[in-house]
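In what follows, chain A forms one complex with chain B and a second complex with chain C.
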Partner chain A sequence: MKYQQELKDSIRKALPGLDVVIAWSAGYDPLHATPHFIRREEDIDRLEIGPFSVHNLATYLPGLRGKKVGIVVKGCDSRSVIELLQENLINREDVTIFGFPCTGVVDQTKIRKALGHTGKVDFCQIASQTVVIGAGGEEHKLRLSKVLADKCFSCQYPNALISDHFVGEKISPSAQTEGGDDLEAFENMPLPERFAFWQKEMDRCIRCYACRNACPMCVCRDHCLAESRDPHWLSQEDSVRDKWMFQLIHAYHLAGRCTECGECQRACPMDIPLLLLKKKMNKEIKELFQYEAGVDPEATPPLLSFKMEEENIKEREW
Partner chain B sequence: MAKVQFIKSADVKPWLAELAKEHRVFAPSYDGEALLFRPFDPEQEIVLDRAATMPPKKTIFPQSEKLVDFTYSKDPENLSRIKIDAKANLPEGSTVVFGSRPCDARGFTMFDRVYLSDKNPDIYYQARRKNTLFITLACRTIENTCFCNWVDSDPCDPTGSDVLAIPVNDGYLLESVSEQGEKLLNSKLLADGSSRRAEAEKICQEIAGSINNTKDLTLAPEKLLAVFDNMEFWEEVSAKCLSCGACTYLCPSCYCFNITDETTGMKGKRLRSWDNCMSAQFTMEASGHNPRPTKAHRLKNRVGHKFSYYPTIHGGVISCCGCGRCIKSCPAGIDIREIVLKAIDFVPAAVEE
Partner chain C sequence: MPVLKGKELRIVGFLCNWCSYGGADTAGVGRFNQPTDLRIIRVPCSGRIDPLFIMKTLMNGADGVLVSGCHPRDCHYAEGNFYARRRLEVLHRFLPILGFEPGRFEYTWVSASEGQRWQQVVTRFTEQIHKLGPAPKIAGPEASATLRQMEAVL
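What follows is the complex of A and B.
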């Protein structure tokens, strides 16, 4: 990544005033990065940013409240930081934000699908729009656009919307249209089919709650309805009904707060297309309140405010 | 002497269809983008060239199982007396799992030491364990996350299996491991495989040679205990942990559960469902006190249990089969190998005089 050195220098300067800076470093194989907590000068060298910087590090911020935390954000991640600020879940003065122009991150599921089974991955090189992966003794060439996350195609905010230090030149949103609009296709399905779709998808849920824990806006943490026995919202049965109920409540609680970072879907070990549900909810919010979560730190999320009369909800005409 | 048979690749499905007449048969097939052990369906493609997303854990240890049905009834003569009728719901029938990996099958041997103790066997587990047979597939490819060789196993390890299937050129060499497994090898679709033995052995040697470098974990139990009270160590290694249950639920050797009663009116059922030590509620006590209040405490337990406490009470056996699913499926990319090695290499800072 072009601006990596600049970012490292910027962090090096700020580190003495901070408890920790959260970034990414190389993961367990050349196709994965991992969140990297920088506490000491020597940790900075391992920082890496690029198409594998998939994790939304804002998820860690509420848990580090009270500490001086630096965080490296992609454009989409910065929206989660803004939403957390809007909801007073973190303090602005405690957070130092490092931004960089993001040109997209990969979707590991797409890579896995494109490669098939390869066994051991030996290397990965990304040059402009081509990804070359050495795996199973062969070289696999993939077009970057084939393996980019869907959210990157419709990304309107490639640069951090809020930052204290921004490295590199800001870029304009890409006008890529590949990737398709899965929401539109979903909405065109008749209602019984939509229900059948979710019943099938939720069937393989193992209730690990990676979706919930990876979500930067899921802040109930240890007090989640999913495990609460009093009140007793959900049973511990392995039933689609209970699993689906959780996802619905989760989606409702994120209506108008979700920034579509897609961490729920990325974290799911069963690859359940959870982001689709969130997108649908956000679309409704946008139509009702002309509101998009996490773009303006000063704005009040619509479901945290009250108006005698909503413009697009005609209560009296019901 | 083990029975050795050979099956052509094309005959695998017909063979499974035969077995399905007598047993519930599970084989790996795709559900969405997840490769899962699902009830055998001749219409579905069976995928055998890669490890499944999820081990076949549910076949013996369901995600949630009903242990008991119960009904309360009041004595009409004395309404303060309540009678409880309870009916146990013991599992029945037999199951064959086809295409498990050596690590998957070996995982259940970690369960056995806990659930099948002479003194107090778990009757639900016992009923399924006894009647579930594993036709395990030796691995032909190794992934970056594989480390079965660190924990005293290998890609052709038959431990915990009933039949070991070794992929050879045009099919599979089937070797019985248990008596029950031998009985599975009587089909007309199978031919004597003795002549293919040398080929299979060579394949096993080859694959064993290609596996990731091993590490000596002999010191893991004591070294992990040595850092038990070092919360700074655990806070550092758990910083990126999200405290979800993906690692635990995908683990072939994690066996913890929760018991809950789901009651409606005067009727109810007692469930046993998966639980995981990454969850905040796992050790939550009735008083509200939680001895493992942070994710650092919880991850310490997961690593400590597998690589220290379990081996200490079970003759040195590490309760990890090296399948690497916890690494591959961790949303934060935590690598358990890294934590264990870090504990082994940890040198406490010298105390200044």
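What follows is the complex of A and C.
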């Protein structure tokens, strides 16, 4: 990533005034990055940004409230930061935001599907449009567009929407709309098919709650409805009804708040298309309230406010 | 459902204490004929209704859910139903995403004096649900089986 050095310099300058800066560094193999907590000067050198910087680091912010925190954000992550600010879950003066122009991140599921089970990965090189992955003594060549996350194709905000330090030059949103396919296909599905579709998908859920833990907007943590005994919203049965209900709790608690960072789907070990559900939900919210979450730090989320006369809610005749 | 066994569907109504519950009471006192499929749950305000109540009700096998509160601007707590209106409208759009027929859930406003109107609302909603028929079941533990288990423990 060409702005990496610039970013490191910028963090180096700001670090003395901060408790920690959250970024990414190389993970356990060349295909993975991992969240990186920079506390000392020497930690900065290990910072790496690029197509493997998949994690939305904003997830850590509410837990670090009260500390002076620096955070490196992609465009989508910055929306989560804004949403947290909108809801007063973090203080603006405690957070220092480092932005950079993001050109897209990979989807590990797509890589896994393309390569099959590779075992140990020896190297990974990314040239402009191709990815070369070396694993098990073999070289695999993949087109970058085949392994980029779906959300990146329809990305409207590649640059951080809010930042104190922005490195590099802002880029314009990608014109590709390939990623919109799944939503369109879903919308053409008749109701009974949707009903069957979600039951089939949700049946795979193992209720590991990874989607919830990765979600930057799931801030209830130890008070999550899914684990509450009183009221007892969900039983411990492994039926699709409870699994589906859990996902609905998640989706509904994100109504008008979800910033479509896709962490739920990325974290899901069963590859359930959770982002599809959130995207469709957000589309409805946008139609109803002309509102998009995590864009304007001053805006009030739609379900926390009302108008005496709603423009788009028609009273039903009975 | 002893009287009309097999003919009734399970419809759950969430009614606000101050207007719609009173309206239903007025309808009863006025002896207006109503279908008997509706089971009423009284809540303090339509703003008290978590949309997940309705989700849970539908997931657990109800054939329809009706929500009724005070008319907008008439809320006992001044603005509870304004919040409710937004939440319920979002839910109304959310259900078809999941594949539930949108007609299985409706929300409306009935004041305490509108016994006649309550009769109309219940009749029309019940007709609507009967037209849709019983809701498709979602696999999960049966309430009766759970109850038996709990009794066994006691």
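As a convention for this text, the second predicted complex is superposed on the first by the 313 of 318 C-alpha atoms of A that agree within 3 Å, B and C clash if a C-alpha of one lies under 4 Å from a C-alpha of the other, contacts with A are read in each partner's own complex, and residues count from 1 in each chain.
The definition used in the following text is that a residue touches a chain if its C-beta (ideal position, glycine included) is under 8 Å from a C-beta of that chain, and two chains touch if they have at least 3 such contacts.
All values reported here derive from a predicted model rather than from experimental measurement.
Partners chain B and chain C clash in the overlay (superposition on chain A). Of the two partner chains placed around the shared chain by superposition, chain C is the only one that A:233 touches, whereas chain B remains out of contact.
Legend: residue contacts after superposition of the two complexes on their common chain; A:46 is shown touching neither chain B nor chain C. Of the two partner chains, chain C is the only one touched by A:288; chain B is not. By the touch criterion stated above, A:65 is placed in contact with neither chain B nor chain C.
In the superposition on chain A, A:277 makes contact with chain C only, not with chain B. By the touch criterion stated above, A:143 is placed in contact with neither chain B nor chain C. Shared contact residues of chain A with chain B and chain C: 235, 237. Those residues of chain A that touch chain B in the complex are listed here as 20, 27-29, 32-37, 39, 55, 59-60, 109, 112-113, 117-121, 136, 201, 203-204, 206-210, 212-214, 221-222, 227, 229, 235-238, 263, 266-267, 269-273. Looking at the complex, you find that chain A touches chain C at residues 191-199, 225, 233, 235, 237, 239-242, 244-245, 248-249, 251-252, 255-256, 277, 280-281, 284-285, 288-289, 302-303, 306-308, 310, 313, 315-316, 318. Listing the residues of chain B that touch chain A in their complex gives 31-34, 36, 49-50, 53-54, 62-64, 141-145, 212, 236, 239-240, 242-246, 248-250, 258, 260, 262, 271, 273-274, 276, 279-281, 327-329, 331-335.
Against chain A, the residues of chain C that register as touching in their complex are 51-52, 55-56, 59-60, 72-73, 79, 82-83, 85-87, 89-91, 93-94, 96-101, 106-109, 117, 120-121, 124-125, 136, 138-141, 146.
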